[in-house]
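Next come two complexes built around subunit A: one with subunit B, the other with subunit C.
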Partner chain A sequence: MTVSHLPTWARLAILAVLTALAALLPYVGLQEYTLSILTLGLFFAVYAMNWDLLFGYAGEANFGATFLIGTGAYTAAMMSSNGVATPLVCVAAGAGAAVIAGALLAFPALRLRGPYFGLVTLVAVLIMRQLIILFSDKTGGEIGIAVPDVIAIDSATNFHIALGAAAITAAILHLLVRSPFGLILEAIGQDPVNAQVQGFNIVKYKLAAFCISAFFSGLAGALMVFYLGTASTNVFVDGAVGVQIIIAAIIGGRRTIFGPILGAIFMVAAAEYLRPLGGPLSEMTVALIALIVLFFLPGGLLGLATILRRRRAA
Partner chain B sequence: MLIQLIVSGVLISAIYALATTGFTLLYGVSGILNLAHGTTLATAGIMAWYLIGTGHVDPFSAIGLGALTGMVVGLVTYGVIIRPLQTMLKLSTTDEHVFMLVATLLWTIILQEGLAYTFGDVPVSVPQLVPGIVEIFGVRTPISSVLVAVFSWLVIGLLWFYVSKTRSGQTILAASMNPKALVLCGVNLKRVHLVVWAIYGGLAGIAGVLVAMILGVSPSGGMELTATAFSIVVLGGLGSVGGTLIAANLIGFIETATAYAISPSLRGLPALIILIIVLYVRPQGLFGRR
Partner chain C sequence: MSFLEAKGITKTFGGLRAVDRLDFAVEKGEILGLIGPNGSGKSTAMSMVMGLHRPDGGSILLDGTDVAGWSPNRIAERGVSMVFQHSRPLQQQTVLQNVLIACLPNRLLNLRVSPEQRDKAIEALRLVGLESEQDKWPSELPFAGLRRLELAKSLARDPQLLLLDEPFAGLSASEVREFSDLIRNLRGAGRALILVDHNVRSVRALVDRAVAMSSGQKIAEGHPDAVLADENVRRVYLGGAGSEHAGEAARIEAVGTPILSVSHLNVRYGKAQALSDVSLDVVDKGVTAVVGLNGAGKTSLFNAITGFVGAEGEISFAGKSLKGTPAHEIARAGIVLCPETRELFGDMSVLENLNMGGMHLAAADRKERLAFVEHIFPRLGERRSQFARTLSGGEQQQLAIGRALMMKPRLLLIDEPTLGLAPIVMDVISESIEALRRSGELSLLIAEQNMTFASRHADRIYLMEHGAIEWSGGADRFAAEAGARIL
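What follows is the complex of A and B.
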């Protein structure tokens, strides 16, 4: 019996066991540096999983993932730097603001078909970036905004926060895509006309998916602000970061939710491993690998597992 | 002030018009949004800058070499990215659409980082065609900029002549209207696509050198050029060349006005906001067909 045939509860049990094992990583003599890379990789995994929910299931390419992440991150950072609230309240507010901003963006945008939705999400990032620079006295502009508070200083605790965020997101999204809601979403993504004929309100379902995606993206963005200590446009509101999230999700395997976790960790690890090549060459290599995966393994790394299993069965 | 605005607006709009006609032609015929468009422009611009820097090439021939560079990049994009994606993977139409966007995006990064590695990620500009300044309605304007604007419209005129008056151009037009019927008439659609990609690349190459002359280009600035081109094309209506030309002037003027009235660093912002509003009110663009 292979993983893809397991019932949902068994998959969640595997996820729980893997999470518990991963939680032990800080205590097995891992370097602080490695731990910090894994922490960023796990935040990245949350972004990639949520992108997969929209792309893999709802069939919408969101080029503006950083619009949602950035809204969460900047809301939390600005509240915290003005001393309005404690970190946890800031994080909750960040997630809430991301949902509101996401709904405002998506509600009109989802009526658009084809490439227009992707375009609007991309433009949203560009506009947000310009606005942040325009109101630099409040937002810190291009330099960024420093956050005075931290949730935890200890690197193990920070790793556990990121791990928890990734694991909870994975579990909830997995349950979601296996639920009737997820099946309808998948149907809409694969054949919108047919789904509409069946009587499903396409915009309503896509909007719900977008808001869920916004919630987790904003939450992780806000958490990451408190981990990094600053919010800056190059990390949180950048089209290039959005592209990296897309690459991570595609490499990992779209329409799998778990695949993007692999993809995100692969991306962060590859960036570290290739660092000696220098910025341009390492980014070029990562893009090249992603392109090759796209061509030869359209199902991603998790798709590879499926192919190998079919071969063995045949 | 107003006259100055109009003069600069006309000049910049001419380049925008040239830089986006190829993009919209490509979409009209092959249905592909080439997200590597801006980087194709940047590649040609940087190549021209490099060749002029070696001292063997004057700016006029650099435009020709830029066109050649653009053509090579266009054909490589088609041969290495687009064609394999269409033939190798059996994708549904929706999937193919998104895969195309992602693949051209990855291709953008590969091109951009390749340029940054070879030439360094710094903004470069191509020297002016000729020195000197001319007064237009009292506005002091470099002669070179005027030449660039005239040249841009000339190339657009040539393209119009080619598409509407020659047999080969008519075939391309037919391919954008009804490819299936064209195949039934015995036309090799693959060859039509090759021709379109070559024309697209040539146009992008010329535009890239001209953009490098007026605004300057950098490897990482390619994506911003794509965003501007995308805004113009969508505003005018995807695939509508006439709409694109009008939208290019609209955006050109708005950007110039913003740069003068508010701040040069915000020149792109109003165009983006207008784009969003237009998309919400009229998703097919100002002059597009449904």
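What follows is the complex of A and C.
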């Protein structure tokens, strides 16, 4: 029996065990530096998993992941810097704001066919970025906005927060895609006409998927603001970051939910450790690796496991 | 009152009137056959019933409620289901899961599959004989199995009205029989069925009543045998009795040296044999027609001649073998294809479309060529600056032929020149084909389902069926000798 044939509860049990083991990492002598990279990688993993929900299952390419992440991040940052609420309330508000903004964007956009949905999401990022710069007295503009509060100072706790966010997101998304809801979503993604004929209102399901994706993206964005201590457009509201999320999800393996975790950690780690090569060269190397994976492993890193298993079985 | 009653439904796409004030009805427990050649509007009519196309006019009464313009999922909730011609199952889910989807309610909070839903899916698989394959992947099913899977997806919803779009396409003779029996049994339980097919022979024994369509309109209705014997239907499929249409051109039975000669041509797509041992000659400076129903292999033949698909066998053009010649060189040598889908540049003007065809010509040459095309098609001259997509169906066909003519063909291949055109528009295309013949500049090879049209122009006709030439001869003998093969 292979992993792909395991029942859902067994997969969740494996996820729980792996999470517990990962939670021990700060106590086995890992460097602070490594831990911080993993923390960022795990936040990134949440973004990539939620991108995978939309693309891998609902079949919609969201080029505006940072619209959702940025809404969560900036809502939390602005509330905190104005002293409106405690960090936890700010995080909750960030997630809520991302869902509302996501729904307002997606409801009209999902009625468009073909590549237009993706284009609308991309434009949303550009508009949001300009709005942040335009209202720089409130948002910090291009410099960014400093967050006075923190949730935790020590790196182990911050790592655990990111790990928890990633693990909970993975578990919930995994349950969702294995449920009838996920089955319908996949049917819509692959053949919307047929799905409609089977009696499903496709806009309703896609909107629901988009809101779920917005919730977790906004939540992780807000958490990451408190980890970094600052919100800036280059990190949270940037088309290029959106593209990196896409690459992470595809390298990891689309339509797997778990694969994008690997892809995201790989992307963040590669960017950090290749930094000595210099900016352009390190980005180029990551892009080349992504290209190689796209050409030779269309199923991503998680797809590699499947191929190896089949080869062994054959 | 009928369970489904469509009154005066109309649908236009750009300049094309795909369905024109069509009336039809179906009762519970009845199988209605909607027949007609490719492009006659059957599938569009069906799509309007399902809600996939919004009708431009008319009403669709389902059990007394007008559902015209409703979304497909609301119409599906009313008990209508459609089986598509092309099956696209979810490849990552098992056969059973594919059917299970159809049993799920349209509800977001949908976290577990209930035992009743599972039973319903298994029952649907049992009905189509796929019960033992439920744990397989769709990719492991043979072609006919996929068709059964599509049917199971519809049956799982226990529809009161089932729409079947070309259910027999691509099936072998024995599979057609099995599938017919299956469909016949569905009529029980007070279910109404509508079956769309261009192959009238396969539905004749199955349907209780038939509606025949041509160019978006109903041309006959009644008992299937009566419909097949109907004069209008015979004309659409076969062409009229030889004498009244023959004679615009001198028929040359003895051809002389053919401009193109095809011998023992075979084309395979994977396991499927698209052309088997096809041999034909194209009359020099004349019109040669290949006729046959959808799927007979006409387009494959054209693609083989123009080098778009690989083929075994010999093709020689003006005495030279085309073996190993790449597609673009075949085009430059003077064999130009005007494809069935027309492939116009919709957002370019008529003139720009024509100039795209004459791109490789010197300016003076191009001008001269343009004059020739506009002489053949005066309409294109009048509409030079209009966007191609705003032209009517007939004008688009003229533009497609005109653009092909800009490439200075010595042999022009036209795939389905009359597809989807109204009779009056066909006359315009007819005139231009005769004008091309009179110009004495080129030879024509046309592929047609409309046998009337083909026999009106062709010096020589080849009838294709299942990838092979079944009959060939002069147009005057066609209806008498080959008619029985089609109706």
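Operating definition for what follows: the second predicted complex is superposed on the first by the 314 of 314 C-alpha atoms of A that agree within 3 Å, B and C clash if a C-alpha of one lies under 4 Å from a C-alpha of the other, contacts with A are read in each partner's own complex, and residues count from 1 in each chain.
By our rule, a contact is a pair of C-beta atoms (placed from the backbone, for glycine too) under 8 Å apart; a residue touches a chain by one contact, two chains touch by 3 or more.
Small disclaimer: the values here were computed from a predicted structure and weren't measured.
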_subunit A as common anchor, with subunit B and subunit C clashing or fitting_ = clash
*Using the touch definition from the top, say if A:L183 reaches subunit B (first), subunit C (second), both or neither.*
second
*Considering only the touch criterion stated at the top, classify A:G118 as touching first (subunit B), second (subunit C), both, or neither.*
first
*So, A:Y205: does it touch subunit B (first), subunit C (second), both, or neither?*
second
*Check the residue A:R255 against both partner chains and state whether it touches subunit B (first), subunit C (second), both, or neither.*
second
*asked:* In the superposed model, which partner reaches more residues of subunit A, subunit B or subunit C?
replied: B
*Is A:V197 contacted by the first partner subunit B, the second partner subunit C, both or neither?*
second
*Which one of 349-357, 367-375 or 475-483 is the stretch of subunit C that crashes into subunit B?*
349-357
*asked:* Let me check the overlay on chain A: which residues of subunit A are in contact with subunit B and also with subunit C?
replied: 190
*asked:* Quick check: in the complex, which residue numbers of subunit B touch subunit A?
replied: 33, 81, 84-85, 88-89, 91-92, 94, 97-99, 101-103, 105-107, 109-110, 113-114, 116-117, 121, 223, 227, 230-231, 234, 238, 265-266, 268-269, 272-273, 275-276, 279-280, 283
*Which of the residues in subunit C end up touching subunit A in this complex?*
50-52, 71-73, 76-77, 81-82, 84, 88, 90, 92-93, 97, 100-102, 104, 106, 108-113, 153, 157
*So in the complex, which bits of subunit A are touching subunit C?*
175, 179-181, 183-184, 186-187, 190-191, 193-202, 204-205, 208, 255
*asked:* Please output the residues of subunit A touching subunit B within their complex, sorted ascending.
replied: 55, 59, 61, 63, 108-109, 111-116, 118-120, 122-124, 126-127, 130-131, 133-134, 189-190, 192, 239-240, 243, 246-247, 250, 278-281, 283-284, 287-288, 290-291, 294-295, 298
